[in-house]
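In the two assemblies presented below, chain A is common to both, partnered first by chain B and then by chain C.
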Partner chain A sequence: MNYFLQSLKSVFVKDVLIELRSRQVLPTMIVQGMLIVWVLRIASEAVSSAVTVVGPVALWIAFIFSGLLAQERSFAAEHDEGCINGLIVAPIDEGTIYLAKLLVNVVMLSVYELVLTPIVMLAFKLTLSGNIGLFILVLMLGNIGISSVGTLFSAVVQLTRTRGSLLSILVLAILAPMMVPATFALLILFNVIPPELAGTGALAFVGTLKTAISYMAVFDIVFVTACWLLFGFVVKE
Partner chain B sequence: MAENAIIAVNEVSKAFTRPVLKKVSLSVDTPQSLFVCGINGAGKSTFLKLLAGLLQPDSGSVFIKGKCLRKETEYVKSKLGIIMHQSMVYPDLTVLENLDFFARLYGVPGRQERIRLLLEQVGLTAFRYDKASVLSRGLLQRLSIARAMVHEPEVMFADEPFTGLDMTSTDYLTAMLSDFRSRGGTVIMTTHDVSQGLRCADRVVVIDQGGIILDRGISQIDPSRFANDYVQYARESA
Partner chain C sequence: MIRRILLFVNLILILASMWIALTIGQIRGPQANPDSVVRNIIYAHVPSSICAMLCFVVLLVASIGYLITSKRTWDLLAMASAEVGTVFAAILNLTGSIFSRAEWGMWWTPSPRLVSAALLWFLCVVYLILRSSIAGSADKKARICAVYGIIAFLDVPMVYISARYMQDIHQPSFSFDAAGQRLAFFMSMASIVLLGALLIWIRTDLLKIKNRLEEHF
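Coming up: the complex of A and B.
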């Protein structure tokens, strides 16, 4: 257990140090996120009633696409000088490498969320009606879901020529089932869907905020476990 | 295959879009330096990657120091070092940080002292605070050697280690591998520079069309004929 934690910490610290030195990912993520938010804000002006609806959607769109940037980079750096081989021949479980990379991507996306969320809330005049703890929980579950799938497929696409574009196709297709409850959870938390209407009528299939959070948690557990178990096969072939 | 062999490869096969290795077997019973050669696409790099655990064989098994690579992976990997033509070090980390990272991964005891000694051995002490990205190709390969040796492995795999090196760096690498060999280590090396390979080797293996067609001690071959056309030589000697 100690050795597992030591290896996990070593890979995590190494990746954070490299990002702090190179500053390749976070600034790009923030610029891209601002651009997405700005374009959606301008577009939502056309229908003034749509502003609050588009806000939570803009948040997830920015998180997903900027998250992909960070995830793509996390393994591209390992392939530059064949470093991934150095990690694979080390006496650590490949799953540990995955968990360390996942942790780095979760931290990067969390920092990004900290920067972007207030901007989106201001730009789209969003007011949090629910519990701030639940809001953070929803963002965190979304973050883990996006990062878990992105981290695995980032390793996969390094073996192909198309890399980034293939990563987007694979990750977006797999994330779709989580993004439905994630979007509705934010719509409920920002009172775009009144809590008393959630889970009724046309919105019955989404259920309540609690159901949406449960869907996201199950998605995270399933995908973190599956990706962790599959990672060894992915990097060796 | 001897159970106590340093390396025992039992009928290993590997195919990608076509078969690359077909039921290859090899045994290394005593510490020695093995030169694996073959034309492009013969399967030597695949063979080395299978031995190092970078690829999984489709069938067959690899034993290192009597332990199965697939079953006792972590133990076996702790005994292996690997050098490739790519340095396998992080350009944004300094020389010291790179070695410290790998020493931590291998759980090296007394790692500060070990790193200090290694830096002296490979002549990188003066460059320890420099980022790997600013090192020349020769210095980078020295760092790569230090990385591979940081945990004091017993078996070293070297895949095309001389690629892109000048004469001085080539001599340095040759000396390091000889020193490793003289301290009881086993080296398995592939290179297209046949004369360089023969200089370092105790034993020569020629791979052709997915199989081993020659496996001889260095004293049992004619070096000049071998260096001239080793595939032809191996076929005639078979």
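Coming up: the complex of A and C.
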């Protein structure tokens, strides 16, 4: 267990240090996120009465696309410098490498969420009505879901000719089902759908905030486990 | 020889089910237009959906088989089932879209089964794109595709559960009024599933030959 934690820490610290020294990814992510939000805010002016509905959608779109930038770099840097071979021959389990990379991507996306969420709330006139703890939980579950799939496929696309452009279609296809409950949960937390109405009457078909959060948790558990188990096959030489 | 016989039987089954579907098994409707024959599309639509699902199951089994044994045949089977699955998923979506336009007045709407069907097609197409863009050895290509095949399969039940958050416009089930309709349905089901199995079989063999040629030249 100690060895596992030590190896996890080594890879994690290495990647965080690289980012702190180069400051390559996070500024790009934040600027891209702000641009996405800005464009969607302008576009949503066409239906100014429904601008709050677009807010949560904008938030998830920005998270996915900016998350892709961080995830793509996490293995691109290793391949460009040939470091991936060193990582593979090091006495570290491949699964541990995956978990460390996942952790780095989750941390990067969390910092990004910290910056972007207030901007989205201001731009789309959103006010948090529910529990802030639940709000953070929803963002973190979404973050882990996006990062788990993105980290695995980042390693996959390094072996292809098209790299980044392929990563987006791989990740979007797999993440599609999580986006519906994730958006639904934010719509309730921002009071766009009043929580007392969710799961009743005309909204009976949609479930409740609790079921949406449970769905996201199940999605995360399934995909983190599957990606962790399968990662070894991707990097094996 | 067995394959030729099966292909012949399949052809007879397809022709017979079409004939029954258009005569004693014909379904009329929708209510707004009682003379419309659009509902007969169900004889191609439902079997295609079953066949696309079965192709996905074969893709999963073949992907796991390859990762365990590293035998090339599993990889070729996975590739063939993804190709055939793409074709049936495309038929499923196209026939569904035609039915949707006639019955509900729109070409597509985000309803659980429609979303699942569209995702099924996307996942198959992404598999083919991924396969064509991997550089390197055949083993690497096969391993990466097998990993994607398993992850993609896990996504299908997830989309079905997430469909709880959308309103369902789709027919929950279809009841048949006449014995002829039931016969036509089961015959078309048998013929299309058999066609799918034969296509996977033939395609796997073709890929094996192509593979052998590539190894020699």
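Here is the rule we use: the second predicted complex is superposed on the first by the 230 of 237 C-alpha atoms of A that agree within 3 Å, B and C clash if a C-alpha of one lies under 4 Å from a C-alpha of the other, contacts with A are read in each partner's own complex, and residues count from 1 in each chain.
What we mean here is this: contacts are C-beta pairs under 8 Å (C-beta built on N, C-alpha and C of every residue); 3 or more make two chains touch, one makes a residue touch a chain.
Keep in mind the model is a prediction, meaning the values are calculated, not measured.
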Could you let me know whether more residues of chain A are touched by chain B or by chain C?
C
Given the touch rule stated above, what does A:184 touch, chain B (first), chain C (second), both, or neither?
second
Which partner chains sit in contact with A:236 here, chain B, chain C, both or neither? Use first/second/both/neither.
both
Between chain B and chain C, whom does A:41 touch in the aligned arrangement: first, second, both, or neither?
neither
Considering only touches as defined above, state whether A:7 meets chain B (first), chain C (second), both or neither.
first
Could you look at A:90 and tell me whether it touches chain B, chain C, both or neither (first, second, both, neither)?
first
Between chain B and chain C, which residues of chain A are contacted by each of them?
236
Residues of chain C touching chain A in their complex?
67, 115, 119, 122-123, 126, 129-130, 133-136, 140, 143-144, 146-148, 150-152, 154-155, 158-159, 161-168
Which residues of chain A touch chain C in the complex?
149, 152, 156, 159-162, 166, 169-170, 173-174, 176-178, 180-181, 184, 205-207, 211-212, 215, 218-219, 222-223, 226-227, 230, 233-234, 236
With touch defined as at the start, can you tell me which chain A residues reach chain B in the complex?
3, 6-7, 10-11, 14, 17-18, 21-22, 77, 80-83, 85-93, 236-237
Chain B - residues contacting chain A, complex
52-56, 73-75, 77-78, 80, 82, 84, 86-93, 97, 101-102, 104-107, 147
